[in-house]
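In what follows, chain A forms one complex with chain B and a second complex with chain C.
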Partner chain A sequence: MNDELIRTLASILVQSSPLMIAVCGETITERSGVINLSVDGTILLAAMTGFVLGLKTDSLLIGFLAAAIVGALMAFLVAFGSFRLRQNQVAIGFVLTLLGDDLSAFLGQNYTRIPGPVVEHLPIPYLKDIPVIGRIFFDQDLVVYFAIILAVFTWWFLNRTQPGLHLRSVGERPEASFARGINVNRLRYLYSVLGGALIGIAGAAYSLDIKVGWSDGHTRGLGWIALAIVIFGGWSPLRGAFGAILFGATKTLATVLQRTFPEVSVVAFNTIPWLLMIFVLLTVGSEFTARLILYMPKPLRGPLSRALRVSPPMALGKTFGND
Partner chain B sequence: MMQISFLRKINFERIIDAFLPLLAMMAALGVGAVMLLLMGSNPLQAYAAMIEGAFASTNSLADTIVRATPLLMVGLGICISFRGGVLNIGGEGQLVVGAISATVVGLSLPEAPAVMVIFLAMLAGFLAGAVWGGIPGALKAYFNVNEILSTIMMNAIAVQFMNYLLRDPLLDPDQFNAASKIPQTARLAAAFDLPRLVPTRLHLGAGIAVLLAIIVYLFLWRTSIGYRIRAVGLNPDASRYAGIDVKRYMVLSLLLSGAFAGLGGAVQVLGVHHRMFTDGSAMGFTGSAGFNGIVAALFGKLHPIGTIPASFLFGALLVGANKLQRAMQVPSAFVIALNGLVVVFVVSSEIWSRRRSRQRVIAGESHAGEMEDKLVKIPEEVHL
Partner chain C sequence: MKIKQHIRWIWPVIPILGALLFTTVLLVLFGANPGEAVQSLWRGAFGDQSKTLSVLAFWVPLFLASSGLLVTFTVGLWNIGVEGQIIIGAIAASWVALKFPGPTSLLIPLEILASMTAAALWGGLIALLKTRGGVHEIFGGLALNNLAIILTNYLISGPWQPPEGGTFRGTQPFQIAALLPRYADSRFSPISLIFALIAFGLVVLALRGTFWGLKLKALGKNPRSAFLLGVSSEREAILAMMFCGALAGLGGAVRVLSWFDSLRQSISGGIGFLALLVVMLASNRMFWVPFIAFFFSAVLNGSISLQLRTQLHSSLGGILTGVLVLFMLLFGNPGVLGIGKRSKQEETDER
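Our next item is the complex of A and B:
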């Protein structure tokens, strides 16, 4: 394998790691039945907070912690507004998106375009010497390792542990879980706050590692991409991570194409990710795909349906219990 | 006796509800006052500057109305879409494509009669907005794609499209020659400027917007198509059983919603800027009217007529905040933050008042017919 290709693959992984973290967080939240639509604003606000506090204290740990707290707080607002104040989750999430965007611009105005702390490169000894794989997976920094481990761990947690089973059950059949003695809203609080914290960490991962620094609207738009990838990933952390990497790959591909065809406008390539996301949402959700699969030969139907069709957790966005 | 106390209770609750958005705005300004104090400014002085800047002179009143016009245009579209049970978050993109189309029409017909060009430009904006809103509508109705996500993505695509056009094919020849290459188009012929109403910046667009508000009201409440749009928003299942083609009306409400925003973009070009320009994002041209229009509509209880004063008030807030910023020398980001606060408070109060009215029905204090106006708006179960 040539050097250029390996370097490209490694950089795709780096580029998509914050998105992987955010997708994981939102997946956990949505699997428990809560829609946290504030991802875009949360990432912005957390990225700003993480950068500014990291800069002031000169401590990356504090930066990431602060970002996680911001994310957790935003998610708590969504959960609290939904469970206790009985408001519409989507509306609160959207309003928080706008607020996060505005607030990050306001609070971060004195910290734009200045250098700050950066997460250090940390190759893993021995493992990094494995040919090809070592260069791609083990010659990175902590954020990338965290993203990969998180995706695998979340999958394991959701599908192979009892707390994970409880998490899924409150997202699918809250009444049944309640009857089994599970405190539905407490679990939903827990996992939306946890998911929110991860989304916050994703924000800091941008401002302290992948897209270092802060500027107005530093990561604008990426939160919406993350929300779309959660759907593309069929609410599975591993598939979501795959979606994030795929998205990173498209972006990298776009830059490569741009260099190859300089006569084509940059805009065409910048538009690709958004069109792709619309297309993805269109494929996985529509009845049309379901009908198309019916025309396929029988042995293919099952795998194709699993690959192309997804359905959300049954109780997604529905509040539980009476006030 | 029973009857009277019963009525009084409803009236009292309803009065609270009617003033809730206003109270929410006050609360937001209260938080803004704390922020001003923290920045070392006198909030009373600041808000005095704000009120003076928005209302005190003919010029500032005109500025407020000019600022309110696109909010009203977008807000009218929002009334239609939210009443139809679909959430159009794509106002920004629709404004942009509407403005681009109007600019293209104006630039390509420099010699044609002004009235015709103005009409064609508005029509182009209307149609472009309709397309930009219709696509997410069709995706929602026929392919089950969540319209919040798709309208946001259409916004991003519109911005990319705009940046491309304004930096290359539509770039002002003067800018090209001067090599400064500020991304903007040439100025449209002065003949195409919308007539000014009084010797201020106030242009005919405001009148058009108010007229449209009346038309939208008549459309939603006095035509069968409007009735069906509202029926679909209130209860899609019941509408389906009643023989309404629910999907078609979903598309229609998002399409019309986009069309009004697109028309708003065209009016901005013809009446205010006379050209199209970009700062790389949509905000430079729209001033976030695509988002603020949503708030104005919610402020106006999603009623086209109510949206008129709501837009005016919100326009006053925006103009006033700008004047405040200049008078008090606070950072311009404060204006953005204040704007955001008002949005948060108003939308929250709106959701809250809707809950209250529903609870009143459940409690038997009010009957369902009375709350028809309030109930729909944001679908309870959102399919992502």
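Our next item is the complex of A and C:
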């Protein structure tokens, strides 16, 4: 494999790693039945907080921790407003999106466009020397390793452990889980906050690693892309990771296309992620795909429908209990 | 009146005070004097005649978009795409203003027609993506918002670039005949206010006084039974979205034809998102919409001159409005907090 292709693939992985983290966080939140729509605002606020605190304390760890706390707090607000105060999750999440955006602009106003701490490159000895794979997967930094391990771990946790089964059960059939003695709302609080913390970490991954620094609206739009990937990924962390890589590749794709077609306006390439967003959601959601699958030979229908169609957790967005 | 009823009436003051307290703490953290900040916010909004007229001029498109959103909220749609509908309306009006020569009496109706049609189609597309494509309106709307922004940037930097070279900031100023007549050198056009009032009247009439409005309400409250009663959710969703799009598009036309005199990079400037907050804050009290929109317009305009005076970021206005809506959403209903809860008896008494 030639050198440039390997470098491109490695850079796609870098671009998609924060998205992978955010998608994992939102996936576990939604699998427990809660919609945290505040992702875009959370990522912005967490990116700002992580950058500013990382800069002030000169500690990346504190930066990431602070970002995680910001994300957890935003998610807690959504959960508390929805479970305890019985308000609409989508409404709270949307207001928090706008608020996170404005707050990040205001609080970060004195820290725009200045250099700050950066996550260090950390090749893994021996593994990085494996041809091709080593260069792509093991010649990266901690954020990338964390994103990959997180996606695999979340999948394993959801599908192969008992706590994971409980998490899925409160998102699918809260009444049944309640009857089995599971405290539905407590689990939902736990996984909303945990998912929120991961979304916060994704924010810091931008400002301290992938898109270093801070400016107004530094990561605007990426949170919405993460939310769309969760749907496209069919609420599975591994498919979500694949979706994140797909969107991470659009940036690289735009650069390549720009070089190939210099006569096309640069602006046109910015449309790629948004067109892709509509396209992937159409693929998994439209009647058309459903009908297309029906025309396929019978043995193909099952696998195709599993690959192309998705269905949300049954109790997604529905509150539980009558406290 | 019992004490509980008193609490219910006075209660909304508490989230408002909470929002003010939150903003004050932020100001103090940044070393600003909250008293001075409020003063310059007030002066920035109503300090002199031109400032007040600016508040009015900013209010009109916000009022238009909010009126449109009343319709989509009634049918239960999250029309986040309203921002894009404003932008498309602005682009369509700019297209007429830039490409067609003619007298004002012909150009203005043409511009309005173009902006309302284009934005209605843009909004209808979001509904179509939802009903036929299974794409939730939040995501369809958001993607289309971004596409509209990119289209604006493309037009400004490409085909509609001013002849003296692109600055990436805007097109050349439109011909005078294409602009809405403005009041005394300001950005405020009295005609646009008349449009907004007519639009609001139409929305109130449609929702309160027509069978269509009843169908929308039925769909918003209980889609399943509405479907069983023979209300087509697809048809009404598309119509509601197009209705909202038309009003938002008119708002976009007002933005380019009176607030600016050309198509600019951030032509909407978040008015669509602000309108969503307005309608959320009003919840089902639609007659509050004009007043809330006016208040928001004053806060946002005031915070711009606050930035000029105190060097504090103008997002402060957005924070104040956002926190206000958040606190109102979370704590606006004392019943859920177990304070001043309505008893069953009271509820039956009121019916």
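Here is the rule we go by: the second predicted complex is superposed on the first by the 322 of 323 C-alpha atoms of A that agree within 3 Å, B and C clash if a C-alpha of one lies under 4 Å from a C-alpha of the other, contacts with A are read in each partner's own complex, and residues count from 1 in each chain.
Throughout what follows, a contact is a pair of C-beta atoms (placed from the backbone, for glycine too) under 8 Å apart; a residue touches a chain by one contact, two chains touch by 3 or more.
Just so it is clear, the structure is predicted and the values come from calculations on it, not from any experiment.
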Combined model on chain A: chain C and chain B, fit or clash: clash
Touched partner set for A:Gly317, first chain B, second chain C, both or neither: first
Partner chain(s) touched by A:Gly217 [first = chain B, second = chain C, both, neither]: first
Chain B versus chain C as contact partner of A:Thr252, first or second or both or neither: neither
First (chain B), second (chain C), both or neither touched by A:Ala228: both
Which superposed partner A:Glu30 touches (first chain B, second chain C, both, neither): first
Chain B versus chain C as contact partner of A:Leu282, first or second or both or neither: both
Touching both chain B and chain C, residues of chain A: 37, 81, 85-88, 90-92, 94-96, 98-99, 101-103, 105-106, 109, 221, 224, 227-228, 231, 265, 267-268, 270-271, 274-275, 277-278, 281-282, 285-288
Residues of chain A touching chain C in the complex: 37, 77, 81, 84-88, 90-92, 94-96, 98-99, 101-103, 105-107, 109, 221, 224, 227-228, 231, 265, 267-268, 270-271, 274-275, 277-278, 281-282, 284-288
Complex contacts: residues of chain B adjacent to chain A: 87, 89, 139, 142-146, 148-150, 152-154, 156-157, 160-161, 163-164, 168, 281, 291, 331, 333-334, 336-337, 339-341, 343-344, 347-348, 351-352, 355, 378, 380-384
Complex contact set, residues of chain C against chain A: 26, 78, 80, 129, 132-136, 138-140, 142-144, 146-147, 150, 153-154, 157-158, 273, 276-277, 280, 312-313, 315-316, 318-319, 322-323, 325-326, 329-331, 333, 336-337
Chain A residues within the chain B interface of the complex: 30, 35, 37, 81, 85-92, 94-96, 98-99, 101-103, 105-106, 109, 217, 220-221, 224, 227-228, 231, 265-268, 270-271, 274-275, 277-278, 281-282, 285-288, 312, 316-318
